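Should a chain be cited, it is by its letter among A, B, C and D, assigned in written order, with residues numbered from 1 in that chain.
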Amino acid sequence: MPLDFSSDTSAPTHPAVLTALAEANQGSAPSYGGDPFSARLQAALMALFETETLAVWPCASGTAANALALSVMCRPTGAILCHEEAHIERDERGAPEFFTGGAKLHLLPGEGGQIEEQALRDALAALQPDFVHETPAEVLSLTQLTECGTAYTIDRLTHYAALAHEAGLTVHLDGARFANALVRREVSPAEMSWKAGIDVLTLGLTKTGANGCELIILFGEMAERASLLRARAKRGGHMPPKLRFLAAQALALFEDGLWLDLARRANRSARLVADLLCAQPGVELAYPVDGNEVFVRLPQDLLRRLSNAGATFYPWPGGSHRLVCSWATGGDTIEDLSRLLRDQT
Amino acid sequence: MPLDFSSDTSAPTHPAVLTALAEANQGSAPSYGGDPFSARLQAALMALFETETLAVWPCASGTAANALALSVMCRPTGAILCHEEAHIERDERGAPEFFTGGAKLHLLPGEGGQIEEQALRDALAALQPDFVHETPAEVLSLTQLTECGTAYTIDRLTHYAALAHEAGLTVHLDGARFANALVRREVSPAEMSWKAGIDVLTLGLTKTGANGCELIILFGEMAERASLLRARAKRGGHMPPKLRFLAAQALALFEDGLWLDLARRANRSARLVADLLCAQPGVELAYPVDGNEVFVRLPQDLLRRLSNAGATFYPWPGGSHRLVCSWATGGDTIEDLSRLLRDQT
Amino acid sequence: MPLDFSSDTSAPTHPAVLTALAEANQGSAPSYGGDPFSARLQAALMALFETETLAVWPCASGTAANALALSVMCRPTGAILCHEEAHIERDERGAPEFFTGGAKLHLLPGEGGQIEEQALRDALAALQPDFVHETPAEVLSLTQLTECGTAYTIDRLTHYAALAHEAGLTVHLDGARFANALVRREVSPAEMSWKAGIDVLTLGLTKTGANGCELIILFGEMAERASLLRARAKRGGHMPPKLRFLAAQALALFEDGLWLDLARRANRSARLVADLLCAQPGVELAYPVDGNEVFVRLPQDLLRRLSNAGATFYPWPGGSHRLVCSWATGGDTIEDLSRLLRDQT
Amino acid sequence: MPLDFSSDTSAPTHPAVLTALAEANQGSAPSYGGDPFSARLQAALMALFETETLAVWPCASGTAANALALSVMCRPTGAILCHEEAHIERDERGAPEFFTGGAKLHLLPGEGGQIEEQALRDALAALQPDFVHETPAEVLSLTQLTECGTAYTIDRLTHYAALAHEAGLTVHLDGARFANALVRREVSPAEMSWKAGIDVLTLGLTKTGANGCELIILFGEMAERASLLRARAKRGGHMPPKLRFLAAQALALFEDGLWLDLARRANRSARLVADLLCAQPGVELAYPVDGNEVFVRLPQDLLRRLSNAGATFYPWPGGSHRLVCSWATGGDTIEDLSRLLRDQT
């Protein structure tokens, strides 16, 4: 796939991950999480997140990770506040409703994929948990990077989490592109999660370079729900027997900060793509480029030229187009794009 | 793990599978099943099962595969007939109830993990779909190998499926150890599935040698439910983006009949283990050894000797113990067991 | 409760309904719908709706009736289009999500509680049933009277239903105040239901004058889902044994058009209340008064006066207040209101 | 219906209940439980059950009452121990599974509809809540009268509840025929509920003489789940607006012990029916007659004679027939039966 900007999920797995799979494949090991790799993952996360009060469950898909996380946070009679374009609303085919047993998503507006503060405040102020007819919110779910490729500032995350906690809600962070946001904000994993008030994080690694590995991380008091989460994972079919292979993927990516290097590389490529495109007449960014995604408004002729050259990327609601870079987006791809734009202008 | 007879899920992945993962990792590929490996898997299954009317969906866990399969076969207001020791009843933490939206499992007795014919006939005869208070069975779920390691004969499978069809039910086969049964019965995949009246097969490959790969195969008219199955898989979190890696595992195992070779090897090891144990005084088989599992009644002293030597295996309901062999159970393991038994008799 | 404009559900039951309960109480009768009253209800509805292809199931609550109706129309993997202020979204505590097994409500805007045509067209045009990530709408749910007390014209209902059908959806009408809309639009029950393209109607009678009786009516091909509806009603706890008492309530209200007389009376009272209030300085209607509900913007001093006099009614989102009349809103109540407004102006 | 022994649900409503409905129908009253009758019901139950720590929710059907009760006791990942013939297993079309979100029923055997002690002990001893594959029981559900018309002794109820509590379970009592058991055991409502260790009681009044009224009563610490129960009732469609009419039914039956008088009358009739039948050659009781149900084995010719005379009653699993008496089973009915038996012997 030349000029592949379709998604970071179309990228191959990073070779270090495949090597780790092979290394984890020496001899037999207890199944269902009793293996040494799963134990090492728990230890690695404690170090990485600078806290001992956390619990982890790995999943092979981000939809599973989000829905399972929400299922231990929100009762069937409750609701989840989220952005109206959130992945859990738009792209998960009702998984949150399914796993929670019918909880509702309560949608909030906001520019650039970020919930507007006043909308959040209004929703929290309107809560009447004792008014039995309405479904009261029990969780605030934020996304980092957002669906528009932007990154909340740590201040804003912290502020929103505090507002939610005051109102009695817990806070979930959909971190499908957590690494991309981390390197953009130049903060530690702890600073962008529990220190900011995040109670449960779904940390995506598939888009970063894994084969298929997303971690549900329960912080603080939420860690007490680990066995409930495990039971829900089991009945959701998300406890494959050879769990060592999920743990091994994460360990490989955390080793020597590889995951952050890969995220940095993807972000850098996105920056280059954005710059190349914006140098063309009539092109403008729809949203700031905070990570590895570029949302641009493209004139018809440029759109046609890109398509004719075989470039793959998707139209987005609102009239823009999304181009995504991954760890595997090579210099040659950027060069090809550059040439295409240069030659034909 | 020396003398590891704990489960075929504690075995490592076969090297050919890891090689296939690496080969599938060349460059980018469309996600969510649009890749060439997923297309090749569909073609491979049509050849293997000698029919063009089939649809497939791969999952990373057997619990997911069974529950998703049942969710497109049984309505929330219906029931599923199965053996009282079936995996879907005993070991899946309510996954079938969860995925079907609350259908009931209706349990039937029978020796050696095989449903007793009269119990099946009675259950079918008692069906009153119009009596709204009771939950009518809509599906018969059989298991091959059974929970007791035995294999239904093809005649019996065919007969039971016919009885179920006459009563208006569809038939599911939990084939977590399908390959082990195939080589025992010396029949073709088609003969042990759709030709015998099976409508939906969950074909397990993880215990055979995959990393984590179970195939839901819809035969005949059931194939029309493929898009519904896909939607349910998505909302169940069972559509990981890099699906090519699931397809690649299955392709590697089907190549040149590797899966059958591995199953034959595991069955042979089990036969040897059974023979070694049965040569000991006071040991008797609880069930015939049709596949790669040995269920034996062990005298206390022998049990102690095995445990002291570090052998791992599990006690089973009814007083027997289960020892499982896998493709990776080596000649050295058999030799170690032989020596242990010989030395200390 | 003097000056009670809180809701038509705070009204007493019409005496004719209680008399009917007593008459239905002669001797024993088969339970669960096998009684003669249930049979007579079916016949009465065929006459009333001028069609033989209908099936009916009575419920004691409107939430149950709506949710059960939707549960036989929409799969767990589907969505329901409705107004953003619809009762099924705002006031039913997630009942539609619960009964459908996790389907989503897709909210559409529109003035006066009526879905805006362009919003409906856009939603239908955007449907991509084969795009597995998104949840495709399978049902359009309309409300008549709407949440703002307005009545869709028959033309508009018919037009919307036709748009929905063209897109492959079925159409549900939440008719909690169906009678009030009927007398406003001066059409027959058939004209405001199946002739307009409604596939399933939940016809409310509790607000009209029943003790607790709402009918789910399946028209045309939907009538084939009657036994599925009955099974879902049973497992939802909505098949009380002495069903004759639900049927008897409806029969009493249909007798000699009593239900329409009661609705006319309630609408007339609302008209009078609206006129009295609008004669006051600074008062204006928030929405047209099409039925038995008055939505008005009230100046602070008038609001205070009404409250001081013990009048009960509720503030409404958007800044207006809702006053509801019922069959039992007497001339004395209107007179009291008139005097209060006259004296203190 | 002459010689109607089909069910106590085919009986008419007691006239005092209808009178109470009419009395509750004076003027308007707040809906959804804010009415004075609902308040009086709470007070009446505190007096009747001799405790202030209880909460109540009324439902119109027993299936709803049982399923809602269980839904606040058992998580979706848990199981409910009950008799293999329990109403919640056999006659509720999966309602417990639906309301709990997919919990499992774990069936136990026992003579006369009463769980065998050893089976209960074995099930409790086998619990491994940390073994994620299995579904651990969280609730013990007992039935009084049982499905076979027998009544547990208070000692046995108390003993079973203690065993369950020791194992960490809570205890539910399905009291569809609670009054019949009460008068048989000559104990107080408190003695047959919370004093015996029952945490949640579903107290049926419909079979006793109500129109449709079953009370879910939460005792002790369980009372703290009242608001959760209310929310689940609402989303289950079990919060009809005119709740005063449910409360009024219960109040009428509790007044001056009417409910116990009616139960005594029904039990007495059943005793007479049993005696009359047992005086016939070849007739024997299948179970002791502890309440208002008679289970008998009938010779073919007697069965034919009864049917020819138009008597209604049902065959029961195991070869017996069930004849049920209600408060309305008159002396004339008994006399007709007596004559029929006398004349034709």
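As a working rule, a contact is a pair of C-beta atoms (placed from the backbone, for glycine too) under 8 Å apart; a residue touches a chain by one contact, two chains touch by 3 or more.
Quick caveat: nothing in here was measured; it's all calculated off a predicted structure.
> Leaving chain B out, what are the touching components among the remaining chains?
Result with chain B masked: one piece.
> Give the label of the chain whose average Cα location is farthest from that of chain C.
B
> If you average the CA atoms of chain A and of chain B, how many Å lie between those two points?
Spacing between the chain centres: roughly 34 Å.
> Per the centroid of Cα atoms for each chain, what is the distance between chain A and chain C, given in Å?
Centres of chain A and chain C (C-alpha means) sit 42 Å apart.
> Using mean C-alpha positions as chain centres, tell me how far chain A is from chain D in Å, no decimals.
51
> Can you tell me which residues of chain A touch two or more of the remaining chains?
Within chain A, residues 32, 76-77, 92-94, 98, 101-102, 132-133, 231, 234-235, 239 contact more than one other chain.
> Would you identify the shape of the chain contact graph, picking one of line, ring, star, complete or other?
Drawn as a graph, the chains make a fully connected set, so complete.
> Can you tell me which positions in chain D touch chain B when the two form their complex?
76-77, 79, 90-94, 97-98, 101-105, 107, 132-135
> Okay, in this complex, where on chain A does chain D touch?
32, 75-77, 101-102, 130, 132-133, 227-228, 230-232, 234-235, 239
> Give every residue of chain A touching chain B within the complex, in rising order.
1, 4, 6-7, 9-13, 15, 18, 21-22, 25-32, 59-65, 67-68, 92-95, 98-99, 206, 211-212, 231, 234-242, 245, 326, 328
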